[in-house]
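Following are the structures in question.
Paired with chain B in one complex and with chain C in the other, chain A is shared by the two complexes that follow.
Presenting the complex of A and B:
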């Protein structure tokens, strides 16, 4: 989806005309900025549209094409009837009055929730609200602080997800990078062969290894907790709290690493090997540069775009896996919230979650294009190379 | 085609691929045999049968082979069924109508642990007078214990551990306060404390049948702590049923999803490249939208709100993957192939679009899609398991993922029923690894660039 290409044709004019070179350079720079802006805008519009379509599909599915409304009507009727029986005035009414009373209350509730308008109209309102991150109130779920604002519920869960996955992925990135580099240096060694043999184990998702780790370390050896984020009740002392948190993070992070590390290290080692057979690397070696210098300047730099792409794709696939991962480890994050919201038919929370996912995916794609340009000067953003 | 076959022959050079092929072969054999020996309807009847189907099976029993690894032998099940001819009762005519029947249940008990339950099931046929049964328990050292009496109906089960009179009698005889009935029946009085007396036990049942037409069948079951190849779950169900039926389901789900998604993405890429223009552009845009739609959340949503049928899930996975990101890869390849001289030649002799797409473009990428399909399989197998672990497995069919889900909800890890999670996970792992190993080797064979490094 990225329109970046490697432009290999450099036209160096033989005639040296300083002024015209400067002028054309300025012109080229101006054109470059213009192109960058136009490209960025186009890309943004495309991505926003993409997110909108994805979110709309989610809204339609989450509302079961309008069928959730029937369920909501049922619950409204039930709660109104329940509230009415508690009302002392209700007992003195005759049956006709009672029906009229309940119906009027139900109509009020329906108006309050906006259920009197057709689903099609409301679905676009939902879409607009979703896209502008205005998620409204939840129907069932309540945040730990007692708020029914979906935004508060999400914000309360977001830090724990970011903490777990942020640290796990950071470790994964650097471990895989250094493992890949050292394996490419020791190409064909025992360690290299072991990683190659273990690469297929990444076919199993992280939660799967999580089960095994829980079995070994929590159930059999009883040294680490089964799940959760801190021990209950949470320790008052901040140091104890931190230690308890770290203790609970060991197993999920280990599961996350095991499930991805071998394949990632193997893939990156392959990138490094491909790039270390380039002519300019031979040239650098002939110049007598140190191995570390060669690695850093001549191998790592051109490989980074590949590595970043592969890491971003990995993140995208792993990201949605957080739902089951957090459920297995009972980690109070976004994924677990999503699972609970679905169990409670809480449409606003479901939609908010998917919108969050869609924005995160779109953001990854968008940022990726610019990261390319940052790490590899040969890539020029917005250069339509496909023609 | 010949090229593909010779490439496949190269697989032999990769030991991991050979192992993977053997495992895949075995899994496919199991997938074919299972529906033959245990048809679909039979599997569902067994799995959803409840107590009536499984009442002779122990609850939460570990696999029998667990005894090989431990020093203490856990009790195995003993089932002696008079209706199946395991024992032959003898009858004696007492009066014109009344007969006396002797049922003698003799069994070896060489284990180190007590059975969790001991039950005598009786099924009597009578017009108005119920047969009357008296029980005597004879231990290996020759003690005789009166073990109660009952009137048999069409469906009576005598649970020894719930007989409080027997419990009190055993307390008196053993002199140990609070001993349970089963401990009392199997206790070795010559040893200190409560320990199992190993040897041959006998339960004698003397039945009085008051009507000439009356019959009585009785089944004695001493439940084990280990059972069969795979053990049992909390509903006494034999896990072998689910493990066996999980195989064809996992294979079908993984293979169908992988083949369909690969073939459709490739065909769409070929069509887009060949048609070009706005069609190609639209396909590209749809692919980008599709990439933003998170697959698993949508599947979970549909599973909770609509239907959890495994075939609906399969269909949905395929539909959502039709415009998968793979289109980008195939598109890049087709763009190169499109410019090849032999395509110009085909066009020159007047070949139509369909002919060019299906006879010239697609065959060129066939070598690429074989590793792609094989590598995709484990992902889909685990996807099915993931849904099942979230409680969104198929409502009727037993699958590997559903076993893990059952085990999780019943706290198997907490209660120490490790086999319950380990067996289905091991099968998932073996299946996933086998396809991944073969896929890796195929990738190296078909992409020579990888082979060099």
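Presenting the complex of A and C:
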């Protein structure tokens, strides 16, 4: 082979400065980490700020920019006056004493509710309370542990929601990814056409398919539970508990998958096809790489950022269906709680739930942004430009 | 006459047709040319004449709609057309024939570091481990003038010239017998073009490699060329020694091409070639240039033979019979 011959001044065995390679690698790694950290922090600040602005706007709107204070003042005055008439001592007072008595009680109430301070100041206190899910006590609902603290009610149900949607979305992501890849490998095939034909099924929400799945597998075939998270009473043995949990997760996850998989797989298959026609894929072929390597390094890797963006958008829309979805499957998560809170007009729980959903949405975006930065070096640079 | 270099690549009657709705497109139709060690053969032709398809045909990079694909490609004394797909991938691609693509901007993977991309072929085809391959990549990158710092950068962090140099290093890292340069400088500014051309000239002498330069840029190609093949409508109409081609082209199309190049020290107005090249879908019978040819005569309606002119020049034209 020609590899051993030396012509001109190129020496195949020339000494290479390993030291400087390593130095350059170190430098590049440090720079990469620095960029990643900076990018992540910026994203985090931006997202927290976004949630804060959203919550603050809700507060201002709900208080009609402070106009609600007038209504509350009126209500306080009325209830104080009503309470005073029931007081036997009140009957013996003359009119001046009565006015002074009522005014002092009203002032006390105003202080108690903090209405003596300007709305602007209080709005930021509300914001802090809202952001920390500090909504005081619920009006109707009680947590399973017996607490009436809104925060406890919510946080108790958060893990089951995260468990269901986390695993369902993870499975959705990987199934769609591999389905998309394999469809792009043989586009125009029968499987490709079938997926295209089924893509419109994603127009219906997951709970819609859930109803049918429950009907078929729980009511008719009686092989899977109707809903809930574990069988009642919950098994004591952790292994049995886990098996029961998995058994209860099959139908909701299947419904979630069916509702999104066809459109997503078709969508991503198109991404892969677009990126398969890039020049560097042709170059990789010319380089004599195996098909698997080309697919992994030259098609999957460069397409991944787009896939993640598309997935983030998908999740944002899917979150909105979570409320009915959990109710249909009787899943003890925050969606079901939200549904119940609306039914019971439990305002603190409803508002706190909205804030929690805002957090979940922000968290979803944040995680996907972080992954995006990991897979796409162009994002980390920030200015996107050349050096 | 000086001693001729060893013959590296011999292409005979190579055909590549694409199937389209309108019928087969004869992108490469019976192409013959030779390539010798340490030499460069320039394939000249206008857009759409099948130059890039020729490059793809040599590397067997066939699109899905490829139809007829036959002929002979002799690499040293092996007809590589007879190899099966897997053997071709392992034995020929990049190990013995590599290429520098048209736009290096798009030819480098945007999410892989330059060093990894240059080292990749060495790892696959030369059984090197990561460390050895990186060393080989560094040697070649430094040889083509890419600083060691760029090893860990991404293609979008490089200038156009540096990208093209990296692509060249990637093509040379396995020290292949043949490097196909598909319009390697057409996306660059004039200064960078010149430095890349000089670099390739140096590489041609220093490495045991033969170049196939595919270009429409006659002026810059003359820098590198030892042999010239002129392509027109999927066929090679003239092939021969570069120096004599540039001073005295034979085929009327070559004449017209040379006349269209602006001259530096002569006051000659560049001329253009009237008309359009024929469609490769249904090329005319006989000579494909006849409709635009100023020297057309009756014979041109028949397929012209390839005539040996002097000792080492061939021309496909009835004028030289």
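A few points about this structure:
We adopt the following convention: the second predicted complex is superposed on the first by the 241 of 387 C-alpha atoms of A that agree within 3 Å, B and C clash if a C-alpha of one lies under 4 Å from a C-alpha of the other, contacts with A are read in each partner's own complex, and residues count from 1 in each chain.
Following the convention adopted for this analysis, contacts are C-beta pairs under 8 Å (C-beta built on N, C-alpha and C of every residue); 3 or more make two chains touch, one makes a residue touch a chain.
Owing to the predicted nature of the structure, the values given are computational and were not obtained by experimental measurement.
After overlaying the two complexes on the shared chain, residue contacts for A:111 are found with neither chain B nor chain C. In the superposed model, A:34 lies in contact with neither chain B nor chain C.
Once the two complexes are overlaid on the shared chain, A:290 sits against chain C while remaining clear of chain B. Of the two partner chains placed around the shared chain by superposition, neither chain B nor chain C is touched by A:91.
In the superposition on chain A, A:280 contacts chain C only, with no contact to chain B.
The residues of chain B lying in touch with chain A in their complex are 16, 284-285, 287-289, 291-298, 300-302, 304-306, 328, 378-379, 382, 385-386, 389-390, 404, 408, 413-414, 416, 418, 421-422, 425, 428-429, 432-433, 435-437, 439-440, 449-450, 453. Interface residues of chain A, counted against chain C in their complex, comprise 2-3, 5, 7-12, 14, 16-18, 20-21, 24-25, 27-29, 278-280, 282-290, 297-298, 301-302, 304, 375-378, 381, 384, 386-387.
Contact residues of chain C toward chain A in the complex are 38, 59, 61, 89-90, 92-95, 98-99, 101-103, 106-113, 120-121, 124-126, 134-136, 138-139, 143, 148-149, 151-154, 156-159, 170, 174-177, 202, 205-209. Contact residues of chain A toward chain B in the complex are 1, 46-47, 49-51, 53-54, 57-58, 61-62, 64, 68, 187, 197, 199-205, 207-208, 211-212, 214-215, 218-220, 226, 270, 273-274, 319-321, 323-324, 327-328, 338-339, 342-343, 345, 350, 353-354, 357-358, 361-362, 365.
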